[in-house]
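In structure tokens below, several structures.
The two complexes that follow have chain A in common; it is paired with chain B in the first and with chain C in the second.
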Partner chain A sequence: MAKQWWKFLSAFLILFSLILGFHTPLAPGIMGVSPDVLTYGATSVTIQGYNTKFTESGNTLQVWLVNSGIIYCPYELTVVDDTHVRASFSLSDEVGDSFFDLFINSESDGTIVMTSAFIQSGMVVGLSPVHPEPCLQALAPAETGSFNFPNQPILYESIRNLLFHVPSWFAMIFLMFVSLIYSIRYLSGNSIAHDIAAANAAHVGLVFAIAGLVTGSLWARFTWGAWWVSDPRLNGAAIGVLIYLAYFVLRSSVGDDEKSARLGAVYNIFAFVMMLLFVMVLPRLTDSLHPGVGGNPAFNKYDLDDNLRVVFYPAVIGWIGMGLWLLEVRNRIARIELNRILR
Partner chain B sequence: MNKLSNFFIVLAVVLLPHLAIAQGENSMLENTMYQSGKINVVIGVVAFIFIILFLYLLSIERKLRRIEEKEKNNIS
Partner chain C sequence: MWRQVQAIITKDLRTEWRSKHALGSVFLYVVASIFVAYSGFYQIVDLPTWNTLFWIIVLFAAFNASARSFTSETSGRRLYLYTLARPEAVVLGKMIYNAILLLVMVLTSFAVYAGMIGTGPLENTDPYSLLLALTLGAIGLAFILTLIAALAAQTDNNLGLMAILGLPVILPMLLILIRFSKNAIDGIAWSVNYTYALQFSVIMILSAALSYILFPYLWRE
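After this line comes the complex of A and B, so read on.
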């Protein structure tokens, strides 16, 4: 029992990530506007918020548009309910840019933004737009202290997938690393148990890779619009999976046990390096839809919010632990099988 | 490879492209997924991880059962 603590820890961390991952609300944000076209003269629009509390703010609610640095305020503002507000704008005939960014500030939600919320129609885009009178009152400070996940356009609630899709890739890379260690130990010690353990670790890693591919595919369908896009990281991950499939084909295609173990171990060292190249290095060299790819390492403050981090790292440790547990079970089964053969 | 996992692989290969193509602009799955801030995508992702782990546990158990049967035959 004393050596089992890490299994309880992993299960607890996964449970922790599941509960917090689903329970934490999304930060308030703007879901949409209708219509999304502003014409010369007066235009009334309905703004739809998400997780907002417009009615609580009452008279302190402020809505404004920003177009090439110029602020436009509505002449009329009606709060319909917590998530809907109607605003009427009166705009001059010349503006500096075709797109308007929408800002809402309130005591309960802080300042929320929707960039390029509106496009102009029938106005002149010129260099000398008319500057209206300054209209903004003192802004309510951002609400601090509430624990919530960032509200990103397109992603919305699906940002929580970060806590389930990405840890399975982390677990896969960790298990492949364990497999590499076992392969090196086999080559230095010639114990067949190490070779079997290397194959088992790669097997469990492959399961996590398939989980990563399937969940990534589902996520991509409803955010990027397709089950599979020709993204360097996606193709790299698929190639990584194929490299490890080839490892199993190689192992099973050589009849001689000693020879297949030796070949497999050598191939596994190459496989790990190639997999890392395809999954981690090559996507960095080009542009990708994945965050943190295309020059910069991931996990800077724009990619991973502090609140997500609190749940993300425990989830990574939890899933790695779960993978090691599966590996242990497979290894113990393999040991019994091996002893039977040797007997 | 055994019969059950072959069955699942064939099922996946046969069904997935159909699922992908059958997605009309307003199919039911499509609407559900885009509803309420795309929360159902997260539920789908968690469900897939659980299904995959479940199938993997089944395969490990099958391996164990084979050994158990061999042990039993040896003893008797």
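After this line comes the complex of A and C, so read on.
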């Protein structure tokens, strides 16, 4: 029992990541504005917030626009409810840029931003924009201490998928690596137990790969608009899965156990190197929609904030531990069956 | 060991030259496929179609050509070869022999293909890049298919298993090749196109190294 602590740990970590992953609210953000066009003169717009508490902020609520470094404040501001606020802007006829960034600051939500929230219409975009009078007073300090996930445009609530999609692939790579080690050990020692363990590890790894594909597909539908897009990393992942399916076909198509173990081990080593190449290396050399390649940010501070990290790392360790646990159960079943045959 | 490799290549080339079995059947395969394409399309003006169809024909011909590299010998002769040469020398020899075979096959089928399907899309071609794409393609396919053929030769269902084991590995290589040669035919600058050559070379060298390391384990029976 003392040796089994890691199973409890991984189960606990998964439970931890599930509860926190689904229970943590998203940080306040701006969902949208209507209309999203600002014209010369007065324009009234409705701003829709998400998880915001506009009514609580009361008079401290501040809304402003930034256009090429110039700040524009509304002449009228009405809070409709917690997530809606109406603002009326009066704008000059010449601005420095076509797009306006929207900022909202309040005591309860801190400062939230929507970049390029509005586009100008009927104004002159020039080098000498008219400067309005400075209007921004001291900003209310952001409330600290609330635990929430970052509210990113495009991602929104689906950012929680990071805690399931990425650990799936980490666990898959880890299990395939375990399978590789067993295959190498089989080739150097010719013990049938190592071959069975290698096949079991590849089996469990394949389960995680399929989980990764399914979660990734859902995520792609939400963020990129299609269940499957032609992206180097997606193609690499699909091919990785195909390679391991071929590994199982090879194993089952050879009748002789010793031979199927030997051929399987050779193909498994080959498969692992190729899978790593297709999933990890090649997508980094070309443009991809995934973070970390083609100029997209990876796990930096903009992408993965500290709150997400607190849940993400336990999820990775938990799912890898769960994979190893599954592998151990499968190995135990295989050992019992082997003994029964031998008896 | 290098002399063993040379001996195996010469032996394979000489038997091939005498029987012309592999060459003949592969060329028949290629010419028949191109002729079918010709009777379907007559002329292809669209570059992506032109280029992709060529590589698809080459892909299956390459499978056909290299599937023979281990099964053409009887098990007795294989055993005899084993007593004469180191397994590393055998696999290197087979890889180089396959590369030569596929190189000849790819270059001639390109000529036949261009002749029959039309040279319309080839106007702006960067000839050196295209030649590099064809050469790298032939060598890379030969290297990776040699190990797959060695694996499949040990089973009963040689050709079927070769497709199952080989296609997933070949697929990304083929995608890179198709992009590389399309850019070459489009006349896109080498400074843009070299990443594809680089990626392909990485896969090629890795697969050669893996074949070299893993083949001795396949060989013993």
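Keep in mind that, in the parts below, the second predicted complex is superposed on the first by the 339 of 343 C-alpha atoms of A that agree within 3 Å, B and C clash if a C-alpha of one lies under 4 Å from a C-alpha of the other, contacts with A are read in each partner's own complex, and residues count from 1 in each chain.
Keep in mind that, in the parts below, a contact is a pair of C-beta atoms (placed from the backbone, for glycine too) under 8 Å apart; a residue touches a chain by one contact, two chains touch by 3 or more.
In this text, all values refer to a predicted model and were calculated from it rather than measured experimentally.
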item: Partner chain(s) touched by A:Tyr72 [first = chain B, second = chain C, both, neither]; value: neither
item: First (chain B), second (chain C), both or neither touched by A:Phe270; value: second
item: Contacts of A:Leu242 with chain B and chain C, given as first, second, both or neither; value: second
item: Chain B versus chain C as contact partner of A:Glu157, first or second or both or neither; value: first
item: Touching partner for A:Leu285 - first (chain B), second (chain C), both, neither; value: second
item: Those residues of chain A which chain B touches in one complex and chain C touches in the other; value: none
item: In the complex with chain A, residue positions of chain B that touch it; value: 20, 33-34, 36-39, 41-42, 44-46, 48-49, 52-53, 56, 60, 63-64, 67, 70-71
item: Chain A residues touching chain B - in the complex, by the definition given at the top; value: 18, 21-22, 26, 31, 50, 155-158, 160-161, 164-165, 168, 204, 207, 210-211, 214-215, 218-219, 221-223, 227, 322, 326, 329-330, 333, 336-337, 340
item: Chain A residues touching chain C - in the complex, by the definition given at the top; value: 187, 235-236, 239, 242-243, 245-246, 249-250, 253-254, 259, 262-263, 265-267, 269-271, 273-274, 277-278, 281-282, 285-286
item: Parts of chain C lying in touch with chain A, wherever the complex brings them together; value: 147, 151, 154-157, 161, 164-165, 167-169, 171-172, 175, 195, 198-199, 202-203, 206-207, 210, 214, 217-218, 221
